[in-house]
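After this come two complexes, each holding chain A, first together with chain B and then together with chain C.
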Partner chain A sequence: MNTTAPAPAPASDSAAARMRGVGLDLSGLHRSFGATRALAGFDLSLAPGELVALLGPSGCGKTTALRIVAGFDTPDQGTVSLDGKDLTRLSAAKRDMGMVFQSYSLFPHLTAAQNVGFGPRLRRIGSAERDRQADELLELVGMAGMGGRYPHQLSGGQQQRVALARALAVRPKVLLLDEPLSALDAKVRLQLREEIRRIQQEFGITTLFVTHDQEEALSMADRVAVMRAGSLEQCAAPAELYDRPATAFVAQFVGTMNHLSGQIIEAGRVRVAGRELPVDGPCPTVGTKVKVLIRPESLDLAAASAEAGTAESAGAGQVLMATFLGATTRLTVRLGDGSEAKADLPSHRASEFPVGSRVDLIPAPRPVLAVEDADDTAEG
Partner chain B sequence: MARSGKKLGAWGAVLPLLGYCAVALGLPVWALIWEGIQAPDANGVNHFTFSNFTTSWHGVYLTGMLSSLRLSLLTAVISAVVGLVAAYAIAQSRGRLLKQAVLTASGVLANFGGIPLAFCFVATIGTGGVFLSWLNDAWPSFQLGTFDGLVVVYPYFLVPLMVLTTLPALDGLRRQWREAATNLGGSAWQYWRYVGGPLLLPAALGGFVLCFGASFAAYATARALSSGTVPLVTTQIASVLSGNVLATETNLGMALALNTIIVCGLMMAVYLPLRKRSAKWLES
Partner chain C sequence: MTTLTETEPEAAPVRKTAPGARRLDLRRVRWWRGGVLGLLALYFVVPLAACFWFTVYDSRTHQFSLSPYGQIFGAQGFTTSVWFTVKVALLTIVIEYLLLIPAMIAVQLWLPRLRPVLESLAMVPLVLSPVALVVGVNTVLGWGTNQDPGTPLFQLSVDLRDPNTPWILPIVYVLIAMPFAYRSLDASMRTVDLRTLVEASRGLGASWPLTVWRAVLPNLRTGLLSGAILTLALVFGEYTISSILQFQPFSVWIVEDSQGAQSGQLAPAVSLLSLLLSWAVLFLVSFLGGRRAVVGTDRSSA
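And now, the complex of A and B:
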């Protein structure tokens, strides 16, 4: 948690107590728009109080899934249930779900406080109580004292804070966020990321957070659900997703990934950059030429050996570029076959390999994913 | 400093336009006032007097003013309601092409008043035409050249005007607002009551006021259809000015014209702030 942030507003303890997380289940969701299959058998379960990030490339069906959960759209097939109760056909107004949209969703003719008080007002809560709640929630989202401002007097980040407060004001059972930070500057985005996470944990509210930004997903979520072409590819904790991607798609989509040429030399073993490594997951047949997926931090470098240039040293290459990242430096190496590899080294070590120097790649001796060379997009 | 310099620069750019407006609009208004407060005596010498204005608010001229106001109010209400419903239907439709077509057509139709419209009714649809004979069956006393006739004809150019002024506002209503209201537990009715309605109100009122003004200032249609038998301020001005009997009549015409300008000016004074408010909400 951010240590410089003020202690959580005391009044929110009572709010948190009233908001017990509930489990959310999406199962077998199908949705087509004409010929476009937006969802093709999508399943996902959220444990009570959990924040799951729904991650995937643009157009893979994230928004469609979220809108079905919120009740703005109905699936052709499949169910949405909350705490075990099926609410697929329940109207959106009765679902008790708080939604934060990508942008521009505040009512422009109402002040920040009136926006936050909108839900309570529909629930016939008196204006004094509404104002008190609005003040409390605005303080919680870091907008204390700005309740009187209109949306057009607020920055994009401030508007999203108010939108979050508005969603929380109805004490929703589930919080849904559809790329709420994507329209903001990088700096505001980072800050709001932490705050959303803090508030979500404070309330213990089950949350589905849609994003196409893998860094955002990995840094905020309890689990990340990677989506591809309308269905779930893998759902796992960030570290597991990063270290043990279930499919080549996940491996390539999450984090930076090298694709090194290799060959299967015996069942479960691959030869790459002059080394033999165990293959993780499904292994192509012996003799197959493969792409071996290795993270930049799992690649080390050594000054080129004397026999550089011989057929045997497939891992030999030349440093093309050095990108300083702070504690580490990313070295881009051009290999003998013309492909490039990225290796992250501690910065003090990276300085041993200036641009232009000849090096050998040294993959860390860990299990790796290997996919058939011919078809990068084949299912893992 | 740089800021105030910039401001001056911006003003400098509109200065020629302001100058043009001052001359093109200011001078005629000044002339109206100047002529309106004078009247010639028996010797043809002009004197300052308020008698023109006094006359312009009495007798037949008062009748004309009241009848103009009544016609404008009636046609503006009809056109605002019909136009708003039409604009809503258009805004809901998916087709971009349809929307473009309707906007273009409205642009033309809103300026369709006057002789072309009257001609369209009298010649094309005809005094014995299908539309009119059908209307006459339902409404035996109906005639084009009467007050009722004008009430039927005016919306033909006022409804498109209403569509033109409210369609941008309806288009500006974002889907997120409706969904946010629903998500917070609101019914369709509550959305319109607390969100859609208040957001549309300025544009709808503005459109209504504009229709009122356009109806009030319309001259050619009324003239062509009724040949001046329906007492309206605009037709009275024309007959007073074209009568060229006495010089006093000219001064009276100026006073009547000034009254019209004041009414339309009041309408604009109501309309402009409404439009500004609507734009602030819907275009940010």
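And now, the complex of A and C:
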């Protein structure tokens, strides 16, 4: 689980003190829209106080799953339960969940404070108490003194802050975030995601966060659930997801991945770029041509060992492009078979390999994922 | 408690004037544009000015007098007919919105493919002649009253035409006012993200009626107001249907009863006054709508 600096203990009567997370379970969710299957047996469990990011390409079903949890849609099959209590058929109004939407969702005819007080007013909380809560929550989200402003008088980031305060005002059992940062510019997005995470941890509120931005998911979530075609591919802590992807899809979807040609030489070992590496996970049969998945930071370079006129090694290539990224530089290398590989090197080392220079790829001696080469299979 | 340390600095400026509002610069109005505008103004102003002249100038005594305007409120039948019309108009507006609002919300949220159907249905009354409509209604009511007394159909036909509870008028007026109310509401609905508003409200714990009352209707205020004013104006001006069905609302009173007043100046005075009143209300709605656009629904600065 991600950790941050411990937050100051909330006051006993504060909103944070009144909220604690609960466990959320999604089990065997199926949902189709006509011929389109949005969810196909989707399972996910959230521990109390955990923030799980639903990550996946467009159309993978992540928003459908969130809308089913919120009660805005009903699954064809499967259940949603909160602390063991089945909510699947319960109306959205009775679920006690707070949601922040992708589009600006503040009520345009109400001020920021009135928006925050909308939920408490429905719960018949008196106006004095409502105002006190609204002030407290607006201060929490960095909007102190702006309670009298209407939504059109606020920037996009400010509107989303108020929307977060409004969602928290109903003391939700679960907080649902539907790409709340996607409409904001990069700087505000970065700032707000750190702050959402800090508030979520302070409140200890169970949170389901939908995003298509892998950086956002990896930086904010305790666990990231990668979805594909309506089902779960892998749900793991960000570091595990990145370092040990369970499937080729996760490996390709999260971060940048090289696909180097290789061959299984014995059970659990693959030869790639002239080196032998252990295979992580399922290993194709001996002799199978495979694609070996290696992260750019797991590739090193050395000046070409083959002299002119002699046979090149399997990992030999030529530097095509250098992209400066700050502390590191990404070098794109064209290999002898015409494919390309990317290697991230510290910038001071990358300068040793100018564009056009001949190099040898050196994969780090770590277990790698190997998947059957689709081209080879098709041909064969 | 931890608080967010800062907010992004790009808070939207508070707009003080309506977008697009520009001061009219008469020097930039070209002569031909002025000519077209002048003709249009003459088209409206000349009849009204002539009407006003007729009401205040006595051709026999060659004197001006505002006395016809003073007689309006004391004229026999005036208050009764106005009150009758107001009741019918309010009933019309209530029935119209009870039918239209749920239907339009349902189509927008769940059945968007039915939108063209609803739009076509709402526009049908535009091509329906009021005379044809009322003749049909009269025939059906007549058929009802030809049934045996005491049968529900007979009683219903009688009740619908009861001068004290003239339900048949708002029922028919709902049909002829439908295109105006629909257009006003539809224009308002297009300016808001109805689905998000509804889901935000439902997610916060509001029941469906509360969602419509507290989250949807306040954001359709301009459309609701415009539709109501147009319906009110239509009901106040409608003559054919009420006259054939033998009711005496304001319009029928102007034509049939106020003509008997001295020198015939009362009827045009009443017409002129009601016209000015309608304009005042429409300007007020337009003004409120303009303010609403700035205060409530304009999100361009987001």
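Heads up, the rule we're going with is that the second predicted complex is superposed on the first by the 355 of 380 C-alpha atoms of A that agree within 3 Å, B and C clash if a C-alpha of one lies under 4 Å from a C-alpha of the other, contacts with A are read in each partner's own complex, and residues count from 1 in each chain.
Note that a contact is a pair of C-beta atoms (placed from the backbone, for glycine too) under 8 Å apart; a residue touches a chain by one contact, two chains touch by 3 or more.
It should be emphasised that the depicted structure is a prediction, and the values quoted were computed from it without experimental measurement.
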Record, for the superposition on chain A, whether partners chain B and chain C clash or fit. clash
Just to be sure I read the superposition right, which of the two partners does A:E139 touch: chain B = first, chain C = second, or both, or neither? second
Looking at A:M97, would you say it contacts chain B, chain C, both, or neither? Reply first, second, both or neither. both
Which holds for A:Q191: it touches chain B only (first), chain C only (second), both, or neither? second
Let me test your reading of the model: by the given contact rule, A:R123 touches which partner, first (chain B), second (chain C), both or neither? both
Quick one: classify A:R166 as touching chain B (first), chain C (second), both or neither. both
Mind working out whether A:S155 is in touch with chain B, chain C, both or neither, as first, second, both or neither? second
Which partner, once the models are overlaid, touches more of chain A's residues, chain C or chain B? C
Please indicate which partner A:I199 is in contact with in the superposed arrangement: first for chain B, second for chain C, both, or neither. second
Does any part of chain A touch chain B in one structure and chain C in the other, and if so which residues? 70-72, 92-95, 97-99, 101, 104-109, 118-119, 122-123, 151-152, 166-167, 170
Complex contact set, residues of chain A against chain B: 70-72, 92-95, 97-99, 101, 104-109, 118-119, 121-123, 151-152, 166-167, 170
Considering the complex alone, what residue numbers of chain A touch chain C? 7-8, 10-11, 14, 16, 70-72, 91-99, 101, 103-109, 118-119, 122-123, 136, 139-144, 146, 150-159, 161, 166-167, 170, 187-188, 191, 195, 198-199, 202
Where on chain C does chain A make contact in their complex? 1-8, 10-12, 14-15, 192-193, 196-197, 199-207, 210, 214-215, 218-219, 221, 294-302
Complex interface listing, chain B residues touching chain A: 174, 176-177, 179-187, 190, 194-195, 198-199, 280-282, 284
